[in-house]
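Shared chain: chain A. Partners: chain B in the first complex, chain C in the second.
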Partner chain A sequence: MGEIPVIQCRNLSRRFGSKTVLNNVSFEVYPGIIGLLGPNGAGKSTLIKLILGLDIPSSGGITLFGKTKVELGKIGFMPEAKAIIPSMKGFEFVAFAGELEGLKRKDALRRSHEILDCLSMGEARFRKLGEYSTGMIQKVKLAQALVHDPELLILDEPTAGLDPPARNQMLDYLSYFARQQGKSIVLSTHLLGDVQSVCDQVVVLNFGNCLASCSLETLVGNKENRYLIEIAGNQIDSISALGNLCIGTQDMGGFTKVFIQCESTAEINHIASQVLSAGGVIKKFIPLEGNLDDAFFALLDKQRMEKI
Partner chain B sequence: MAVTSLNSFLEYRPWRGLRNPVWMGAFAITRESLKLIFTRKVFWVVFSLAVLNFLLYFFGQYLFFWVADQQPDGLVRVGGFGRANQNDMMQFLRSVLKMDGSPETFRNFINLQSRGIIVLLVLAGASLLGEDLNQGSLIFYQSKSGGMRNYIVGKFLAASFLVHLFATVPALFLFLEICFIDTWTYLLYHPRLLFGIIGYGFVINIGLVSLLFATVGFFRSTIGLIMCWAGVFFLLPSLCAIMIDRLRLNPAFRVLDFWYCVERLGEKCLGASPTLLPGQTDHSLNPWLAVASLGFVFFISSFLTIRIYFKKGVES
Partner chain C sequence: MEFLKSFILGVKSTLAVHLFRAKVGHSLFWVSAGFLLLVAAVVVSVSFKNQWNYKTLKPRGQAGFNFKNSIEMIEACSMALGHNAGVSAVCSAVSGANSGLMIQSGFPVFTKNVVFSVLLGFLLPLWCLTFAVEGLGSEREGKTLFWLFSKPVPRSSIYVGKFLAILPWVIIWSLGGFFVLAVCAGDSGIFAFKLFWQPIALASITYASVFFFMGACLPRASLIALAYAFVVETLLGSMPGSLKQLSVAFYARCIMFQKSSDLGVVLEQGGGYGDFSQTMAICFMLGIALMFLVAGIFFFGKIELRGQR
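On to the complex of A and B.
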C-alpha cells in the first residue's frame, strides 16, 4: 500500500435536521479498488457526495491524496442516475464531459474516441444516447468519467442493470484501469460478488456508521481459526458465553449463525462446552470459508446485536 | 472472477495535455444547449416569424425614407399598387405603423420580437433546462470541475443568446439600416437610441431568463411552464387592467404586471413615449417602481434557481 491514503475521513458526520446520515465515520483507504458497501440508506451516496465536495459535512473532514481541498479534476465520477443528454451522440457526450473538465474541444474529441475505442464501443458511439441500451449507457458513463484521465474514479453502481456478460466486462475494465493504469477506484455497490471479484479494500457502512474499513483479505480471507457455529436452544446466553470470541452473528429465525475466531484449534472443545452449558444446541460447527456475504451480514448482525 | 480477456482492450493512454481554464466549460454548455434548441422545430417556426417581422420593419423603414426623398407634395408610385400621395404615405408610415426610425419604432419592434421570445422560451425552455432535472443530469454537471456555476452561467448565456438573436441584434440592424439610408450623423444625433436598444435587450434578457430558470425549476414540463407563463403574461396584465381601468385603483398596482414593467423600462431606455389611445390618460408606472418589480422578480428567481438547481443536483 502507498503511504498517502487516497481518501482519509476523520470523524465525518452529516446530519439533515435531526436525522444523522453519517455518524463519526473515520477510515482511510489506499490506492487500488475500494469497495464501498452497505444496504440502502447506509450513507454511501452521502459519503460519495462529501468526497466529491458536492455536500458539506456537519463535522469532521476528508482529505483526498493528502489534501483537504477537493480537486474535482483529479476525480472521475460515474453517477448511479442515468445522467445523460439523450439528444447527444455517444462520442459527443464524452467529449463534452472532457470540455467541462477543461480539455480543448479538439483534444476532447480525440480523447473521447480513444476512450470509447478502449471500451469497445465501436460504431455505437455515433448513435444518440437516447437509443443506447443500459450496458452502453454504463460504458459511456464510465468513458465520461475517464476522459480527463483522473487519478481517482468514483463509480456509483456501475454494474446496475447489466446482464452477466456485460457485468463481467465492466469488472474487467475496472481491474484493467486499476491494475494496469494505476487508477484508484471507489466502487459503491450492493452486489457483494462484484466487490469480491475486483476489490482490494472494503469500507462497510450501515446506518451511517463505518462497520469495517480494511483489506478484503482481512474481512473475508483470513480463515485461519475462524468457525461457524449454528446455535439453537438458548441462543442469547450461548452467544454471551462466547464473549469476545464471537466476531459476528446472523439471526436465521430458529437458530443463529455465530462466527467465532479463536486462538488455536485446541479451544474448539472448550467453546463447544461453553455453548452447551449455556443451554445452546449446536447444529453445526464448521471451519469458516472466506465469503464476503457471510462477513458482510455478520458485521450487520453484530451491529444489530450491539444495539440490542 | 470476471472472464473477459483483457487482450480485447485497446491500450488506454494517459492524457497529459494543456487544459483550458475551468470557467470555459460554461461556453461548451452554451454551445450544446443552443444545438439542442436549434434541433427543435418550434425554434425555426418562431424564428421564421421573427424574421418576417424584421423584414416588415426593414422594408417599412426603407419605404419611409424613400418616400421622404421624393418630390414634395407629389404622387409616388408604390410598386404595382398604383400611386399614392407622398404626405399621406409618410403620415401612414409615421403615425400608424411607426416605421420612421423613431424610438417608438424600436420599442414596437422589440416588443413584437419579445412575444416570439416568450413563445420560444415557453415551448423550448423545458428541453433547455427541464430535461436536465428530469434525467438527473445535474449531478453530471455538478461533478465536473466547473460545477453548477458553469452550468448556470452556460445555460444563462444560451437563453440570453436567443433573446438577443430575436430582439437586440435585429433592432441594431434596423438602426444601422437608417444610418446607411440616411446619413451616419443619425448615429451621432441618436446615441440614446443605440444604447436604448442594447439596454432594452438586457432588461428583457434579465427578466425573461431569470424567470425561465425559476419556473422550469418548479414545473420542469412544457405544460407546467405554459400554465405559469400564461398567468404572468396574460392573467396578471388583465387583472391589472381591471384594477386600474375599471375599478379606478391606484395606477401603481401596475407594478404587479411584470411584463408591463419590462416594457415600461424598455420605453425609458429608448426614450419612447407611451402609446395612448385617443382620450386615454397616461397611467404610466413610475420607472423606479418598474425597476423595483424587475429587481424583485430577478432576486426571487435567482434565489429559487440557486436553491432548486444546487439542491436537486445533490439529491440526484
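On to the complex of A and C.
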C-alpha cells in the first residue's frame, strides 16, 4: 500500500496476572474503514484501551500514524457504553467534548452545531440527553467523537441497539466521513454485516490472538475454487480425509460445514468420493460466495481445531 | 507548561459542566434530607416546650435535683427561714444567679446536644458523603469515566475539577442544614450558627475531600463511606480519651470549644477540646483535606479501567 499505517501493532501482549488478554498481536492497518471483529472476550476492548493509551501493554508496542506516542487529540473515540450526562443538552455535550479536546468555547459550540447539522439532528440538539432515543444518543456520541476533526475515529459498537433504518443511516455516516472527509475509522463490532457493508480492512481477534489482518476482499472476496460442503454421517473421518484442502469448519450440531480450497474444478469429484468413502454424507456441495460470516466462523473454528 | 495548560483546561471544563449538575435525586440525598427533617422536628418540639436551657438538667456533680428544683428549693428555704434579711438576701442572690444561668443556658445546651452530638457526630458526615461519594462514583457507574479518560486532559484535572464542582454543593447543604436546625431552635440556635458556621464549613470541606477520595478510588464507596462515618465519626468521635482525635469532628469541636470559651462559656469540660488551639485545629483539618486530595489525585491517575467499555 506504500502509506504509513494508521495503526501498527508489534507483538502486543497484555496480561492481567496469569490471564493473557492479548497474546503477541501483530498487525498493521491503513487509512480507510477498519473492522475490528471478535467474539466477547476476544480482546477488542483491551486493544482499544491500548490504542487510546489508557492502558500499558505488558510487552510489544503500538504506533499510530508512525508515532509511538499516542496523540489523543488526533483520535475521536465513541465508547460502547451510554457515557452521556443526562442533564446536558445535545449540543452542549458535544461542545463540552470539544472543549476537553482543547477547542475554545466559541469554536466548540460552532463545531458542535456543524457536526449535529451533518448528522441531521435538527431541533433535537436542544433537548436534554436524558430524553433521547438510542439512535439519537448514538448520533450524539458520534458527534462528540468528531467535534475536534480527528484523523482517526475509534467507534465501539456504534450500531448497537439501533433498528435497521437507523443502523443503515449510521453506516452511511461512517462511509461519508471515511470517503468524503478522509478519516480513518476503526469499527469494533459484533455485527459482521456492518463490517461487510462498509469496511475496507478487517482485523479478527479471538482469545487474545490475531486470527487475520487483511483487506475485506482478501478475507471474503476471492472465492475462486472455494467450496462449502455440508457433511453429515462420519464427519470427523471425512474432514481428516480432506487434509489440507480443508480451510475451515463450522460445527452445526447434526452436521458440519466444511470450507475447502482446491486447485481446480476438476478436483470436485475426487473430493466428493473422498468424503463418501470416509463414511460422510454430503448434504450440500456448493461454490462459496463472498460471505464474511462464513469466513469469520471458519477462522474461529480453525483456531479451535488447532487447539485440539 | 503543556501539562499546566491542559490541566487548567481540564479543571475549567469539568468544573463548568458539573458545577450546576450535582446529582440531587439519588437515594442517599433523600436519606440525608429525611434525617434533616427528623432532627429539625425534634428541635422544633424541644423549642416548643421551651427546653433549650438547664431547667431539666442537673448541675455538674450534683445528684438528685435539677436546676429548676434547686431554684424552687432555695425559694422554699427563703420562705421557711422567715424575715431574716441576711438569709433572704443570700437566697435571692443564689436564686437570681440560677435563673440568670437558666435564661442564658440555651446556647450551651443547644451546642452540646445538637451541634456537638447530632450535627458533627452524624448529620454532617452523612450530608457531605451524599454529594462527595457521588462525585466521581456516578461517573464510574455511568461509564463516563472511560470516555473522559480518552480526552487529552490529565486525570488529575478531572479529579480537581470535579472536586471543586461538588464543593459548593457540600458547603451549601451543610450550612443550609445547620441553619435550618438553628432557626428551629430559636435565638440560642441562631447565636450558635453565627458563632460556629466557619468550623462547620471547614469540616464540610474536609469531609468532602475524604469522601470524594473514597468515591473516586474505592469500589463500593457508598458503603465504605457510610461505615467510616458511623465508626470513625460517630463512635470514635464520641469515645473518651485520645481516640476521638482520629475523627474530623474532633477538630471542629476544638474550634467551637475555643470560640465559646472566648465568650466565657465552657462546653464539654474534660473532652480534650481545649488541648488544641484554634489554629492547630484549622491546620489539622486543612491538612487532612489536602492529604486526601493529593492521595486521590495520585490513585485516580492509576485507576485501571478493567470492565469499562
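Simple rule for what comes next: the second predicted complex is superposed on the first by the 306 of 308 C-alpha atoms of A that agree within 3 Å, B and C clash if a C-alpha of one lies under 4 Å from a C-alpha of the other, contacts with A are read in each partner's own complex, and residues count from 1 in each chain.
The criterion applied here is as follows: contacts are C-beta pairs under 8 Å (C-beta built on N, C-alpha and C of every residue); 3 or more make two chains touch, one makes a residue touch a chain.
Predicted, not measured: the structure shown is a model, and the values here were computed from it.
With chain A as the common reference, chain B cannot sit beside chain C without a clash.
In the superposed pair of complexes, A:F177 makes contact with chain B only, with no contact to chain C. Looking at the shared chain after the overlay, A:G193 reaches neither chain B nor chain C. Look at A:S120: by the touch rule set out above, it reaches chain B but stays clear of chain C.
With both complexes superposed, B is the one of chain B and chain C in contact with more chain A residues.
Looking at the shared chain after the overlay, A:G61 reaches neither chain B nor chain C.
After overlaying the two complexes on the shared chain, residue contacts for A:G130 are found with neither chain B nor chain C. In the superposition on chain A, contact of A:P79 is made with both chain B and chain C. When the two structures are aligned on the shared chain, A:D149 is found in touch with chain B, with no touch to chain C. In the superposition on chain A, contact is made by A:Q169 with chain B only, not with chain C. Contact with chain B, but none with chain C, is seen for A:K104 once the two complexes are overlaid on the shared chain. Within chain A, the residues touched by chain B in the first complex and by chain C in the second are 49, 52, 54-55, 72-73, 75, 77, 79, 81-85, 87-88, 96-97, 99-102. Within the complex, the chain A residues that touch chain B are 49, 52, 54-55, 72-73, 75, 77, 79, 81-88, 96-97, 99-105, 107, 111, 114-115, 117-118, 120, 144, 146, 148-149, 165, 168-169, 171-173, 175-177, 180-181, 197-198.
Listing the residues of chain A that touch chain C in their complex gives 16, 45, 49, 52, 54-55, 71-73, 75, 77, 79-85, 87-88, 96-97, 99-102, 156. Put simply, chain C touches chain A in their complex at residues 6, 9-10, 12-13, 17, 21, 142-144, 146-153, 304-306, 308-309. For chain B in complex with chain A, the residues that touch the partner chain are 1-4, 6, 8-22, 24-25, 28-29, 32, 36, 39, 131-132, 135-137, 139-147, 150, 313-314, 316.
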